[in-house]
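You will see two complexes here that share chain A, one where it goes with chain B and one where it goes with chain C.
== the complex of A and B ==
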């Protein structure tokens, strides 16, 4: 009698270092394979599609600068999610905070007009965007820190309110954000003093480097400072924080506000960068939601967020161009994004468990 | 008990037959990643016998027990039941062979009644439960072994000892012939321990076999017919003979060297009052948890708080440590009021606090030893780890902490070493020199060797003039270390006695809430 084979999950005492890199990498590959099956089933050539995406997303100077340009906002929303996630605060409303950042940034740009020089205007627009993002998460942050209300629900629901707010500001005739007497539902362009110029003929703006710098600063803050120390204690053991006299409520509040501000910064980056105006199209792009996937793939490691942000930007911009160059649906990029999230989350099992097959020995039974 | 039904429990009943041992393990090997947990272990238990499996944490006794009841499968070796080779693929298969385990942490549904818990998992139930019939069946099984239980009571309302009884009844109801009891006395007061031993006697009289799994050289060993000692996954010795066991010899077999568990007390006169508690009361959600507690602890004195878990010990410790504000009353540390001032203020006055939950409250599991040393100290905005590192290295050396260095993650330390890190931090002072040390169950779950070290550290701290409040559910520990013993029962101090002249029976009775003065 052949004995049956059982799959055994054995918990690891320690996760080998290489797995922390290998698992996300394999997740991406597995997602591409799953995507290939989908493409095959729908009658497209996976190899052609992927080659096109690769060259449009990464392997051409045009492609890579477009990717880095798009990654600017994705790193913002990615770091926004990761910053909250590291303390087990699940801010999944980065999307809404991003809209608010756009509204705040556009408001600053339009309200201050052309009176101020660029070196004042640009930081002001970015700062107001961040502030608006923080403001949007204030209520979820406050009720979470005081009453323990689930921030997952509150931040998510407020995203829908934020989307309505964008529509309201754009579609209401005579709104501050639109051109007077124009029936066309589109925001007014901010003045030139509030706009940055892209490098050469690309869509890469200097804000990319600012965002990378912000990310690295946050990394330092968490690893080296008292504030980061508190975050680590509370994240791992709220009881130990209580024991040591660390005020968890205040830290919870501030971490969520910073998370909201980072998504808001992402919205403002779009104002000084490619969009230049409050654009209702933002609600169709899902940059905020993408941040959740980016943070998950980076496993909340801030420097890895930069890498996974660029990777996602490449998938997105490569996918978008596919529609133009071939007739492959634009949604292939979004589909791959979802597949990567699923595989990255599933891959956690391999980090936590050693999985092996055993032949069960059967004797008299 | 009002119930006198004579129905017999349904379940497999194995005849012991001519086979010599009820259950035996033959050359069992079990490997975990990086650990050889069992290295060709032989073990057997006879019908009607009490056999103790003794060993330190990590000696492999729990692994062996898990294989005997079907939770794990051996990598090699085999198990026989009445001389017949069996394969236990799951705890259910174990039960089918009449083997059941009573875990240290009970697996009961608190909202269910006793009877509901006992029948949980039975497969021969009809869709519609006949409550009174089930309760009759359950109490019939319980009574046949002299285990008094109220089948209709809700488990959440029962004491720990009663819950343990429910677990045992459940095993018997399921037809267990061999019961594996994991640290059965760890959670019981002396009177309950006695009751348990009576039950064990009744069960062995009925031909059941009992396997105790223990890391303590306590009463369990005394009522055993045989003791098998494990160390590092190997059997290091067998001792047989009821009541004649030499604990020193057993300790040596367990640890591999001679052990000296000192019971020294403060020889010198104690100093000034370091901790003064006056009329302390605490209500939580309208329920009185601590009421009218007043006592002092002097410099160079160790005061022990004895009591059964859940009688207010944790709340008392947390109130002194500034983590909880009392409803009324006052606490003074080194003469200054610390009531309502928070944990940092209490530490500035000289408090050090070793909570019972060392990994999760006292230490942050995912942080390094170095970062954990910083937990109760002043930190600058940019945390200056480099300047603390030499001290971390020194403490690791001084307290003989087995670690790869200051960067060793707390979670990866053994229980004993984690406790040493916690004591090292608390004894070495942080925001000010330690004058008052509050320690909760400092040796709970530790090996004999580590217990020896921790107790020696506490003794040294006392000799150095620190005032120590020892709060422990381990009565032996409180009895052997304290200069003065207070018994906490339902949030009040019901008994006070000098450590030297303390009587186990009197303290035990006070812990169980029996008045020690007058009405006997």
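== the complex of A and C ==
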């Protein structure tokens, strides 16, 4: 009798350390290989394309500042998703919280006007943006912690509401966010004191360092504090946490609120940085959704969010520039990002399961 | 309008927000350029494609890269006259025009090799003017971007240059790095075809005073502090930034006449994008045109809050048709409204381009754009050393705005009266916004005989009497 080979997935009790690094790395490489096949099939040279993408994204001084500038917001949405992942919570609505962060930040900047100095204005704008993001996740967080309603659905659906809200504020004549007596759908610029564009002719703003600091603080929070320990226990075994007297409801609520605030911070970063105004064009960029991919790549490791955020920003900004430096369509860059997500999620299987190929004896028929 | 290239079916994948609504062209679908480039015809001496060796790598594969290979064409037209810049330019222009004209069938659609080698290997005399255009979507939308692409194709044909297309660039602050890179790579003139490109482009224009920036649908007012922008006042604006747009309301009025005649129950519908002056102006002009031939006509407006989303446009169209309207007009980038109208046996007034074949039975006509002359003229001026920085507002008189061909159901009398009205508009004896005009509430906004000035047109935020819906969205 022939003995067919069967693939068996055996759950691991513990993931070896080397796999946590190796799997995302191989995922990225596999995605690039898949992308190369696609490039070959459509008649572009993968080597030229990747070389150009790398040099546009990372090699020139403008490439680096553009990449780090873009990574600022991507790291925000990345840690937002990653922080919720810590407790097996899936905040898919980082995109919507990012819009709210923009609305909150722009509101703060416009409402305070030019009266206060920068060192007060900029923290205020960032704080209000974060608050607005937290506010946007309040309802999903509450119903998740009290009733167990799936946060995946609620946070995602609220994103569409948030997008409509942005449109509403910009396209309504006489709205607070647009110029009085102008029927054009263009948000007002926040005052100079609430803008970091004065920091020189670059797309890299000091907010990048702030965001890195926030990321490291969260890393410390999760790894070194009692609060972080509670999160770990709940994530590993909600029942054990319950017996240990950990209030899972309260922790769920707080983790989700922090997650929302981080995406909101990303929106506010755009207000003090390159956008400077509430701009409906934000809904075309998908920074919030990109955060989910970044978090998936960096699974369970905050410092890795910084790395994967920068990598992703480079891919994206290099991909955007590919059109100019070569004739590669922009879809290539977008496709590569999708491929990376696909392979990163697929790679999870290797981290969680031991995979064997076994020969099975077929029983007589 | 006459020269339409074939790329009919567009497959659209709706996946995530970042990709939503973006058309993806199927690989198996070839356009006529593809046949042109792989046929034996290209081996003729006139053809710039003669030495394209690898057909897979020729950008003919996609219509986006339809182009003339500038270096090859110019070397086939060697110059003997002393080469002052202007002389050289004019001479080359006419030679190229002649070459292009005689060989247009052969060469117009041929692609080059990849551009990185173009820019390095092209002889210096061929780089007269480096033109780039930035698109919000892709030319496959059969609407706004498609029509700009037609203009760019004409520019390429007129000046014998190769234009760099940058597609799918979101029109917000993020686009600044696209403009910055284009400027730093030495493009002489950059056309940006969407409203939201204004501020990012102006920021880059300050840094690159030698590059000419052109902002479609823009208004310089929006860059000043008073308009919510970053520059103190008009004199502080970069001196190398121009805007261009046109009086689509003229053709809208004419298309309204066709709709007013076609309706059986006097109920017209209008699928509109966003409640901004440009769109409101169009709705009003359409309504006034319809009422000029049918005083009882009303126009019901539905806002989609999107320029480009076939699904939403289709749903909005169907809800209007269900509400009983029998003629649909649109201010959208796709043909979804036409398809919906065709299915219900209603009539349709399109927009942007002459796409009768999308819904032949429903088709009445459409206001369309003709950007080519402006693109050619501006690029030529830049090559000659001047950057047009006016706020250019084209019209039917200069041909930037046109009316598409009529559908079969538009009878000869109607066609004649529309044509006659169009001639009055071109002659300047008639303007669509001429009083008496009153708003939705019956309040008079323009007294009898009074003509609306450009400023009030560009900031129009009220609906005229007969429009059903809110001008606030």
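Please note the rule applied: the second predicted complex is superposed on the first by the 331 of 365 C-alpha atoms of A that agree within 3 Å, B and C clash if a C-alpha of one lies under 4 Å from a C-alpha of the other, contacts with A are read in each partner's own complex, and residues count from 1 in each chain.
Simple rule for what comes next: contacts are C-beta pairs under 8 Å (C-beta built on N, C-alpha and C of every residue); 3 or more make two chains touch, one makes a residue touch a chain.
Source: prediction; values computed, not measured.
Trainee: Quick check for you: in the superposed arrangement, does A:286 touch first (chain B), second (chain C), both or neither?
Mentor: The answer is second: A:286 touches chain C but not chain B.
Trainee: Contact-wise, after the overlay, does A:243 reach chain B, chain C, both or neither (first, second, both, neither)?
Mentor: After superposing on A, A:243 lies in contact with chain B but is clear of chain C.
Trainee: On the A-aligned overlay, A:225 touches which partner chain: chain B = first, chain C = second, or both, or neither?
Mentor: first
Trainee: Quick check for you: in the superposed arrangement, does A:146 touch first (chain B), second (chain C), both or neither?
Mentor: neither
Trainee: Looking at the overlay, what does A:356 touch: chain B (first), chain C (second), both, or neither?
Mentor: So A:356 meets neither chain B nor chain C here.
Trainee: Answer with first, second, both or neither: which of chain B and chain C does A:12 touch in the superposed model?
Mentor: first
Trainee: According to the stated criteria, A:233 is in contact with first (chain B), second (chain C), both, or neither; which is it?
Mentor: Only chain B; A:233 stays clear of chain C.
Trainee: In the three-chain superposition, say which chain, chain B or chain C, touches more residues of chain A.
Mentor: After superposing on chain A, more of chain A is contacted by C.
Trainee: From the superposed pair, tell me which chain A residues show up as contacts to chain B and also as contacts to chain C.
Mentor: none
Trainee: Can you list the residues on chain A that touch chain C in the complex?
Mentor: For this pair, the touching residues of chain A are 41-44, 48, 62, 66, 95, 159, 164, 167-168, 171-173, 178-179, 182-189, 201, 203, 270, 274-277, 279-286, 289-290, 317, 320-321, 323-327, 329-331, 334, 338.
Trainee: What part of chain A is in contact with chain B in the complex they form?
Mentor: Touch list, chain A to chain B: 10, 12-14, 224-229, 232-233, 236-237, 239-240, 242-245, 354, 360-365.
Trainee: In the complex, go through chain C and note every residue touching chain A.
Mentor: 15-19, 22, 24, 27, 54, 56-57, 59, 61-62, 64-65, 114-116, 132, 164-174, 176-178, 180-182, 184-185, 195-196, 198-199, 207, 219, 221-222, 226-230, 274-277, 280, 305, 459-461, 472-473
Trainee: So in the complex, which bits of chain B are touching chain A?
Mentor: Listed in rising order, the residues are 32-34, 73, 78, 84-87, 89, 93, 321-323, 342-344, 347, 353, 355, 357, 360-367, 371, 374-376, 379-383, 412.
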